[in-house]
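In what follows, a single structure is set out as structure tokens and then discussed.
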Amino acid sequence: ACGNDAEGAGGEGGDGDVTITMLPKNLGNPYFDTSTAGAEEAAEEVGASLQEVGPQEASPDAQVQYINTAAQQGASALVVSANDPTAICDALNEARDAGTQVVTFDSDTEADCRDLFVNQATAEGIAKVQIDLIADQIGDAGEIAILSASANATNQNAWIEMMEAELEANHPDIELVDVVYGDDDDQTSFDKTAALLQSHPDLKGIISPTTVGIAAAARYLSESDKKGKVALTGLGTPNQMREYVENGTVEAFALWNPEDLGYLAAMAANALAAGEIEGEPGDTFEAGRLGEYTVEDDGSVLLGDPFVFNADNIADFDF
Amino acid sequence: MTTTTQRPTDPARTYAEHAAPLWQRLVLTRETAIIALLVAVVLYAMVNVRNFDGPLTLTYLLLDITPILLIALPMTMVIVTGEIDLSVASVVGLSTVLVGILHAGGLSIPVAAVLALLAGAACGALNGFLVAYVGLPSLAVTIGTLALYRGLAVGLLGTKAITEFPDRWTDLATAKIGDTGIPLVMVLVAILAIAFGLLLHFTSFGRGVFDIGLNSEAARFTGVDVARTKLILFTLSGVVSALAGIYYVLRFGSARGDNATGLELQVIAAVLLGGVSIFGGRGRLHGVVAGVLLIGVVGSALRLEGITVNVINIIIGLLLVASVMSPSVLAWISDRTARRNPRASRPTDAPLGVGQKEGRNS
Amino acid sequence: MSETSTRPASSPPEHAHEEIRLVAPSRQSPAVRAFNTVVRSREMSILLVLVLLVAAATAKNPSFLFSGNGWRDLLLTPSILLLLAAGQAVVIITRNVDLSVGSVLAVTAYLTGRLFIDFPGIPIVVVALAGLAVGGVLGLVNGLLVSLGRVPALVITLGTMYIYRGLVLTWAGSDRINASDLPRGFLRLGTQSVLGIPVLFVVAVVVVAAVGYYLHAHRGGRELYAIGSDPDAAVLYGLPVRRRVLAAFVLSGALAGLAGVVHAARYGTVSSGAGTGIELEAVAAVVIGGVAIFGGSGTVWGAAIGAMLLVTIDRALPILGIPDFWQRAVVGVLIISAIVLDRVLSARRTRKLIEAREQS
Amino acid sequence: MATAHADAVLELRDVSKSFGQVAALRSGSIRVTPRSIHALVGENGAGKSTLVKIVAGVHRRDGGEMLLEGESVDFHSTAESKARGIAVIYQEPTLFPDLSVTENIFMGRQPLTTGRRIDRSAMYDEAQALFDRLGVHIDPRRPAEGLSIADQQIIEIAKAISLDAKVLIMDEPTAALSGVEVERLFTVARSLRDEGRGLVFISHRFDEVFALCDQITVMRDGQYIDTLTTADTDVDQIVSLMVGREVGDLFPKTAAELGEPVLQVRDLTMTGVFHDISFEVRAGEIVGLAGLVGAGRSEIARAIFGVDRYESGVVTMDGIAIPGHDPRSAIRSGMAFIPEDRRKQGLVTQASVAHNVSAAVRSRLSRWGFLTSGAESRAAGPWAGRLEVKTGALDMDAATMSGGNQQKVVIAKWLATDPRLLIIDEPTRGIDVGTKAEVHRLLSQLAGEGMAILMISSELPEVLGMADRVLVVCEGRLTADIPRAEATPENVMRAATRTTEGVR
């Protein structure tokens, strides 16, 4: 019975070494595959033990079971990308009561149910870069649509809001005509893209702020007669998009380095578990090869700005 | 006294009540086997799985299986009649969405909950009506309503997830009895379980349920109101699913169209694992409860071992297959030894089973 | 009450005609008979619905049919479900069901990717055959468990659905096949057309036609119907019940395997979650297509049309201005109305047969 | 004509078979010679069907010898026995309802065109030929669904003879047939015999046995008793061999004095099934409902009891109208209904004897709404005893019983409700003389106690022997109402066939 002693951070057998549980939105998703790789690298460096667990579909109720398990195991830290900002809150707080440090990354929860949020980039930044990309690909005018992940994905929804605001403010001639949801499933995203092009004949561009979505959309576009007529951008991984950048379906797309994101998240988790930081604004900690980071006012740590991939640089990346 | 004699017998004839001694009738059953397996697994996990003996385990285990346990109760009776209800998970989803929308619309949780229960009853009644009175095969009907009810849930809520619920209620869903670590909701579950147990095994309604599963035409000739019985059971299934939905909302504090997707298969897996025959006419509720617990315990233990969903899937699958294979394998063995009548012990010669009597005639 | 004797009222003409069609088809000319079996069939009614649907969508938005993509997608999108429905129909006709097809599809879809990655330059045909073979083996497992183990198919395939899915998850893990891993030729296959008809659709149609013809015109096929119509009688009759059921499952598995290859070609990317939930679509397609869920009647052509309808509805709704959130609801309504229709028709048929008997 | 010395085409010696602890067959022996029709008779549960199913390869024997044309055989499947030239008509028709009657006959051996495609037209022609030979008018293209029991039996016969087998075994083929159809069957059987085949004929009707068969083998309690040549034996000898004891009068009808009308039926109509049915049954009266199979007698009974709906008309019990299509209120009003198909309608065969016997009185047995199996057994025991049901214990499945015993269970179940009116459909179908006499004695005894009884029977002797009044149904209409005194086979049959000249 070791799960129960409240301050037993990493208290398994009381041997004090840090155990980190990595809980992505779902398994079988290359984006998280990469971030977990980064996290493992970090765990390696600081000598913490790290295990990845996760559900099959990206749904909060499935995630809760794994949060519970982490609490039972008395893991010293839990690094999670939330499928729902509130649904998993109670579970997270119970885990924290059981002495587990909770770090969210990629997709945040309510601020009061995690110790730290490792932010890949500000929502504004992510929204802006995608709008800018599409704007200059379609000549800053015409109909565009968004192919998002699941209807309740926190981060996507936040970005979409920001994008709408950005369009309002700076791109009056671009009209957002539709938002559809591919549930981060290849087939659904693929068919939804087809439906989009079908129902909006004079669509000029598609933004897909999710790696699965943009790949599926690119796949459909590359084989359709809209290829070259409809611009596509969003967030994607180089390996998935290489094919389509090279065959000219996609001009450019953005993403931060998920590997660094996972790396940073694990570092932060370790820092919390080891008690180096409390997660209070102003705390600073050393994140290995990424250098020093400071906790911002909203209890988040910012990785940096998103990076834009295009035909010229895509060959340099492999993730 | 345990053998049939073919001798012509003296008029004033009396009979033994049972062919087999009590211990045999108690011990040599599917249910006992499942319970034994459950105990074995728990003991094994206690010893070999780290933290399984921790105080949180029981709590989380029970919280996790509550929806399955709830829905398994009416599902058992539905399957005993030879029918099946695949739409339960969609009803759960629909009821979470309704509670969410109604509450967001300003209704108090209890009122919203009651309305959700009514909606659940309506969903169940629709299934029941189509199966019992229109005479459609329940497998097909509930595949249809599975899509329909889920579609309504997703359609009603669209992109949003409603997550604003009063703590008073959300806390209640996870509250424990004193410091036992046993969730309060278990009281409700226990009451329902006992109620359903009595209804199925100790009332003439329950006997009728079994008759329908074994031979619905004979049941009709004996004055069992087959249609009404089925309507009642499907409606119960809808209501209890809606109840599970309410629990879902409160526990996760989030109403989403896609809540509990795929739960129906877990429920059915648990019920069949509990020794209920998919052909109807056979099964006991305590076996089903054991089946649900078994699936829960196995999942929890495996997750504690850091084993993820894929292996858990495999094991649930294997359990299911093994549980249905075991009787036929045993039959097959005694078939070899005693050269038993093939048709007496051969489910596949009987139809797929799910409500086939209605499927064929009427 | 003394002796009363009056002849039963003779039935009205159209009623009599109906009766002849049912109890004395031979009194009709072969032409009339063929007309009845083809035109008055369930298949026709769904085909009609499908045509109306396409017409409506096209009227709303001509590009639904009259654009290169529109026409192509109309045929291309259902291809996968067509294959699954064909296999599912055969299994259901024998009064069984195969819920594991989605997982089988995932296995072979991932296998396809791996083959292309691990054996660069491997011929597409070989890959397709591998898909068929692996699918067939997985189907064989189902068939063995069901027919030899004498266990209800619903349960067994529910179990193997979990198991196969678990296997592919374990095998693939978080790995995923990307378009760049697949040879261009293979990817092009996903959209290529001959004479304006997509290759994959042609493949699916050939499969459907072959299976349908076998069921209609060959002893083995008819025996499948007999087994589904009354399994006990089939045993007493001395039909090779186990062998046939086994074969049905192998076929269903093999076709699901082929569907996996098609899936990879069409979507160009494969994750371990591929084909989740498609098993219910396959069953739904078969039911909508007029195959009795308890076996013995229905045709593969019907199932195929059902599959077309199911998929086309999905694509047509947004165009008809129904938000895609409501699609599943509509599909549900469709399934239910389809089986209600069946019940009404068959009840009418049975009643007529009984009446005919009483009047003879 | 056959001689017992001609070498046998099929011979069984001391074949045994047990199902679990039930010894269905202890030492079954039979010797079937070519050019002969061999009767197999015995009480219910004597093991006849089991013996048949062993020959057919449905069951595998536990012991004993089976010789086909002198060589020892052991069939693992019905396909094997078929391949070896054995054709069997089982006690229960086994058809594929969704398929055409032709496909039912030729399934698995359809004529093929080149390219192994089924040659449908050839197939239909063959089927037509078969039907012509049997002298029946069934459209070869119609589905088997909706056929009357008799027609189903005809299809089974067509199936069997189309195999042109060396041995043809018929397990109670005539149970559902009317006199005309039986005669046709016999003609075919004789011609098959004269073609040199060996036939086995199982029936409980002695007139048929003696009319058709050359030898008679008697079985009792799963044992071979004796084989006699029809020429030099008689019914009494056979019966005493079968029963192993003397049976009394087969129709022990005691004249009962009639009381008030219990059941009254007025203008009951269901289009296409029955029309303007009106009659009444008085307390203490046995009313026989006669007619050809398929005349609609069962349907009338089912409608009265409420399992089927009717369009118009009134049913009253003791003057009180009871709602249609509601068996529960029928039972509450004091009706009991023993249906014609005991395996499908009468019993839940996979449930225990106690469960079945107490099924109709369950609600009365429950205390505070709760019901225990103990209560069921206590209620069931005496009734099972009164009818001398053969079972080891009350929790044994009814499935393991023979037809006769199952019928007793059904009767016990309904007598337990202590009814005012007993509707009994084909009370002795497929039941041996021993049990038959018991049932008849019971019926007249019940009538004596003032119970009103409506008895449907296709066996004229039974109707004439038991009924105080004979109602004759023809094509869903009452065509005669004849008091016991005036009832003769002739006037009953005339009424039963009056409007059917020309039809079949």
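We call the chains A, B, C and D, going by the order they appear; numbering starts again at 1 in every chain.
Note that in this section a residue touches a chain if its C-beta (ideal position, glycine included) is under 8 Å from a C-beta of that chain, and two chains touch if they have at least 3 such contacts.
Composition by chain, UniProt nomenclature: B = Autoinducer 2 import system permease protein LsrD; C = Autoinducer 2 import system permease protein LsrC; D = D-xylose ABC transporter ATP-binding protein.
Because the structure is predicted, anything quoted here is derived from the model rather than measured.
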Two chains sharing the most contacts, counting C-beta pairs only: B-C
For chain B and chain C, let me know how many angstrom lie between their CA-based centres, rounded off. 29
Which whole number of Å gives the spacing of the CA centres of chain C and chain D? 42
When the centre of a chain is set as the mean of its C-alpha atoms, what distance in Å lies between chain A and chain B? 38
Pull out every residue in chain D that's touching 2 or more other chains. 58, 97
Residues of chain C touching 2+ other chains? 169, 232, 235, 272, 292, 350
Per-residue multi-chain contacts in chain B, two or more chains: 158, 257, 262, 309-310, 313, 342-343, 360
Can you work out from the touch definition every pair of chains that touches here? A-B, A-C, B-C, B-D, C-D
Okay, in this complex, where on chain A does chain C touch? 27-30, 32-33, 36, 56-57, 180, 185-187, 190-192, 194-195, 197-199, 201, 215-216, 218-219, 222-226, 239-240, 242-244
Which of the residues in chain D come into contact with chain C in the complex? 56-58, 77-82, 90, 94-99, 103, 107-110, 112, 116-118, 124, 128, 139-143, 145-148, 271-273, 275, 278-279, 294, 296, 475-481, 495, 498-499, 503-504
Contact footprint of chain B on chain C as seen in their complex: 95-97, 145-147, 149-156, 158-163, 165-167, 169-170, 231-232, 235, 241, 245, 272, 277, 280, 283-284, 287, 292-295, 323, 325-336, 339-340, 343, 347, 350
Residues of chain D touching chain B in the complex: 18-23, 45, 58-60, 62, 97, 221-222, 244-245, 305, 307, 327-328, 330-331, 337, 339, 344-351, 353-355, 359-360, 362-363, 365-366, 369-372, 374, 377, 381, 384-385, 388-396, 399-400, 413
Residue numbers of chain B touching chain A in their complex, please. 50-51, 53-57, 60, 63-64, 158-161, 163, 170, 174, 248, 251-254, 256-262, 299-300, 303-304, 306, 308-310, 313
